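To keep things clear, I will list the structure first and then write my remarks on it.
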Amino acid sequence: MNYDFNFSVIWRNWELLAQGLGLGLFLALVSIAIGCGIGLLAAFGMLSRHRVLRWIAVAYVSAIRNTPILVLILFCYFALPQLGIALDKIPSFIFTLSIYAGAYLAEVFRSGLVALPKGLREAGLAIGLTELKIKIHIIIPVMLRNVLPSLSNNFISLFKDTSLAAAIAVPELTFYARKINVESFRVIETWMVASLIYVVACYVIAWFLRQLEQRLAVPR
Amino acid sequence: MNFSLFLTELWNARMNLLAGLGDTVLISVASVLLGTFLGVFVGLAMTYGNKPTRFGVRLYIDFLRGTPVFVLILACFYILSVVGLDLSAFQAGVLALTMFCSSHVGEIVRGALKAIPAGQTEAAKSIGLTFGQTFAYVLLPQALRQILPTWVNTATEIVKASTLLSIIGVVELLLATQQVISRTYLSLEFYLFVGFVYFILNFLIEQAGRAVERRISIP
Amino acid sequence: MSPILTITDLHKSFGDLEVLKGIDMTMQKGDVVSLIGSSGSGKTTLLRCVNLLEDFERGSIELDGEAIGYRHDGGERRRLSERHIARQRAMTGMAFQQFNLFPHMTAIRNVMLGLTKTKKMAKDEAYAIAEKWLERVGMIERRDHFPGQLSGGQQQRVAIARAIAMNPRIMLFDEVTSALDPELVKEVLAVVRDLADDGMTMLLVTHEMRFARDVSSKVVFMHHGRIHEEGPPEQIFGAPETDRLRGFLANSEM
Amino acid sequence: QEASKLQQVLDRGHLILGTGSTNPPWHFIDSDNKLKGFDVDMGRLVAKALFGDPDKIEYVQQSGDARIPNLVTDKVDLTCQFMTVTAERAQQIEFTIPYYREGVGLLQMEGGDYADYEALKAAGSDVTVAVLQNVYAEEMVHAALPEAEVDQYDSVDLMYQALNSGRADAAATDQSALRWFMVKNPGRYHDAGYGWNPQSYSCGVKPGDQRWLNFVNTVLHEGMTGVEFPFYADSFKTWFGTELSVPQIGFPVEYK
Amino acid sequence: MSPILTITDLHKSFGDLEVLKGIDMTMQKGDVVSLIGSSGSGKTTLLRCVNLLEDFERGSIELDGEAIGYRHDGGERRRLSERHIARQRAMTGMAFQQFNLFPHMTAIRNVMLGLTKTKKMAKDEAYAIAEKWLERVGMIERRDHFPGQLSGGQQQRVAIARAIAMNPRIMLFDEVTSALDPELVKEVLAVVRDLADDGMTMLLVTHEMRFARDVSSKVVFMHHGRIHEEGPPEQIFGAPETDRLRGFLANSEM
């Protein structure tokens, strides 16, 4: 292969790529935050005594988990307006990714909740706490610490999924990479750099999350 | 929602949608099979390879797992054609999904092999089995049983990821559906429909996986 | 003097299995009652009913004259509201076999939680009370340790402090030493004995017969969901009346 | 030296055309499951010139950003996919002569309050224009109707709905899309008769093969002005609903 | 008669830790040798060297006159090929503390595997031999059970059948009963005793002193990687010569 590499287009556009990366991180962060809320509700739903709640939660989780995220993204962006829910690109993507994250996190939380010893709840009851307070002060904090490693994994895959926002022209990293590509046709260089940015970003995120895990870990 | 119009259009487009579904299945099956084949070697190299091999394979896995599949597909499609490897969009897409699948399977295989107690290998050695025989008759059958559930998960991930090939113009189920939508403007109906089809596909895979799991479970 | 705890004709089933078949019992302030009996006889279940961790189908439990868990509305028996039951639960303190400390909180925060959240105390007031009780169980030095950093015996002492800090009318102990290594049993029993000496009303399930004999004002032998024999420890251990009790005591190491 | 693409294509016996599949009236799969549209017809015109048979084409359905890469890597002989001509792109590939001039137009209901563009403009700020949401949308509308109210919508169908329900007096959109809409709903709408924001659509070929470029240019040129005019005009009528007037006979217009 | 097993000056280290510091030992056909010694003295390691599950740095092991594991090429010591070593491993049978049955195969398939794959026997021939040995260890009724469906003692008996079915020159037993509940120990020891009575050559590590005394023709006491004392069981257990052995025996329950 005698291809002369020329990264100058990429250096010229580094600001765009950086912006795109920033937006991707932002999208992942917001979505996982909202997704955590949805996931918690769904997890408690799946473990609820009420059959209807349980059914709804299980249906939500398995429907979302078995549907390609690209279909969800396109559905939310192009089809929901017909139902009167017309969100702009970025809110629409955040909405989709949150729903998607919620389904995955629900599974994580559910197994976290199931793994908690029953005694914690009873000890809370015994000192007169109500069920809600037990959830807030005991169950959720303990469970969250336990599932932090899988939460980190989820965060990383959500960050990677932000690349799909390019499909509805949300200007994140992949979007700019495609744009630079179409304009300059420096295909190898662009995709090499884009992949590398993702890989490095994932490593960095993983490192940060591990620090966080250590910080939050309960000493033993 | 315009249900009867939707049904008419669905009927009109049935051949295209079926062809798209066929491509989706073909892409998924090809990627999962090739990816699994490759992934087993990746897992073996990770478990039994020497240091440099393990390092190289680790890089391969980390790179693939750190890159969004979408970017991987675009990179495979565009970079390879520039390098002169003349792959069609279909082939490039399958290649990307295969690599993606192999990194997952590699990790699964490594984990499964690591989980088998060392005593198994020793017992096999002590009745005179060679490494190859030990692997084939003792380790692999046990590993397979542990691999199956996660492997089924990977397969559903691949089916879902096959939608990304629409971006490089492979007319799989999603793009076939988008083609219908672009003509009919029935986006709500058709996106719901296609989402449902994917759900069914993955649901079937899951059920099949469970059935096999039950069959081969060790009493 | 009116009794602190009155249990009348208490029945409790799990599905088809009737676990408590009519228990009657009264305790005065300062009483220390030990429940003994073979595995499955219903001791834990009885304690859990008193702490309202289990519903029960028939009979009543009165604490300081207040019927707990249920009210009678013209013949109809209704479970009290969740909030009401939570308040009543705080009137009894429970120490569990498995300690059940909250792993994400330090010792002192474990003790404070009920004070600030159930009793709505201010932080500093709760802190002072928690310190007092940690001192009492000999855990004041470890107040800022997390449960994972404490031995089983130390965890159990914190758990006892947590229960007792709520200022309950009666303390319930369910085999508080049976998850502990033999060397750690002693330090926990010392704490329980100390509380007994101090006049705390206590109902305890134990397999430590020697300890039950030393510490109790009354011993209750349960069998198959009924109270089979009861009396002062000298009588129960010294002159058991029924064969069942004799058999049980012969199998227990003293 | 390599033989010209022209010879390769002739030897092969069919043309490989790159185009999309989800944008009517340019390129889309019709209800008879065939790829159709104005872009497709341009390809068919070239195939007809090559083999005397417009159907001797192998289609490569590609996404927008595959247009240039697929050309340069020889995956396709020719790309006709509503490609806007820009100087930057012209550095990567070679554009043919343009075969359509795109612009923004205004769609109105038949028998509405305002007859045409002049009436809309005269009405000033009384007019509401629906437009597809976009960063430049407002600016773009104001370039034609400086005082009009601009309502931005999220999708094409919502924009048309705004027009239908009278919430908007006109919808501003690509002229091609506008014409296609009129073709699909004959008699309901009309074009206000003003276009702006011009851009040219051309086919593209791999750079460096003058022979092939010339050939395609000639075919397109004769489609628009010469022997193949009926083919071009027919296609134009099908996709844009407009009857083209026959090119002036006599002195060629391009040399005037 | 030439010896079946000859170990000469065997040395083995794990990193810096020298675990075997020069072992010499010979066994004749039909000998039953028990290895005793405190934890960490190197008994398991010795067995594993004989089965070639560990490499060793110095010394040699000869089985039926054939040097195993290594060959000497004009002074240079070379490890034999993997295939060659696999063949030699089959000359010794090993039973492990943890049984190590293959969980995905029935009892009889466990026994057959080595026969069909290492010895390349036909299926039906292997089946007949496997049946014979399962019969012998009293497991014939359970031939189609999976390991998970068997008790520990039953699993161990199948594991012994699996090793012995290979028709090894010598059987190695490494604390085959120490992972078993007390009731299950007896049934396994009965099998081992039966094989000993039958003239099988055996080298066994055991903590069951009474059993070692009954069954062995010779007892070897290991200490810190060396053979500290050896002799007939009557001598070792009845009249131990060194303090070390006396101390060790005093700590072992007989």
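By written order: A, B, C, D and E. Residues from 1 in each chain.
In the analysis below, a contact is a pair of C-beta atoms (placed from the backbone, for glycine too) under 8 Å apart; a residue touches a chain by one contact, two chains touch by 3 or more.
Keep in mind it's a predicted model, so treat the numbers as computed, not measured.
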Labels of chains that are neighbours to chain D and to chain E
B
If you walk touching chains, what's the least steps from chain A to chain E?
2
Let me check something: if the centre of a chain is the mean of its CA atoms, which chain is farthest from chain C?
D
When the contacting C-beta pairs are counted for A-B and for A-D, which pair yields the higher total?
A-B
Going by C-alpha centroids, which chain is farthest from chain A? Tell me that one.
E
Separation of chain B from chain D, taking each centre as the mean of its C-alpha atoms, in whole Å
39
Can you work out the whole-Å distance between the CA centroids of chain B and chain E?
46
Determine the centre-to-centre distance between chain A and chain C, using the mean Cα coordinates as centres, and give it in whole Å.
45
Two or more partner chains touched - positions in chain C:
none
For chain B, which residues are shared contacts with two or more other chains?
78, 81-82, 166-167, 178, 181, 187
On chain A, where are the residues touching two or more other chains?
78, 82, 178, 181, 187
Each pair of chains that touches is included here, namely A-B, A-C, A-D, B-D, B-E
In the complex formed with chain B, which residues of chain A make contact?
1, 3, 62-63, 66-72, 74-75, 78-80, 82-83, 160-164, 166-167, 174, 177-178, 181, 187-188, 191-192, 194-195, 198-203
List of chain B residues in touch with chain D within their complex
9, 12-13, 15-16, 77-78, 81-82, 86, 88-89, 166-169, 171, 175, 178-183, 185, 187
Interface with chain B, chain D side, in the complex: residues 20-24, 28-31, 33, 60-63, 66, 69-70, 72-75, 155-157
Which bits of chain B are touching chain E when the two form their complex?
117, 119-120, 122-131, 133, 137-138, 141-142, 145, 218-219
Which residues, counting only chain B, touch chain A once they are in their complex?
1, 62-63, 65-72, 74-75, 78-79, 81-84, 156, 159-164, 166-167, 174, 178, 181, 187-189, 191-192, 194-195, 198-199, 202-203, 206
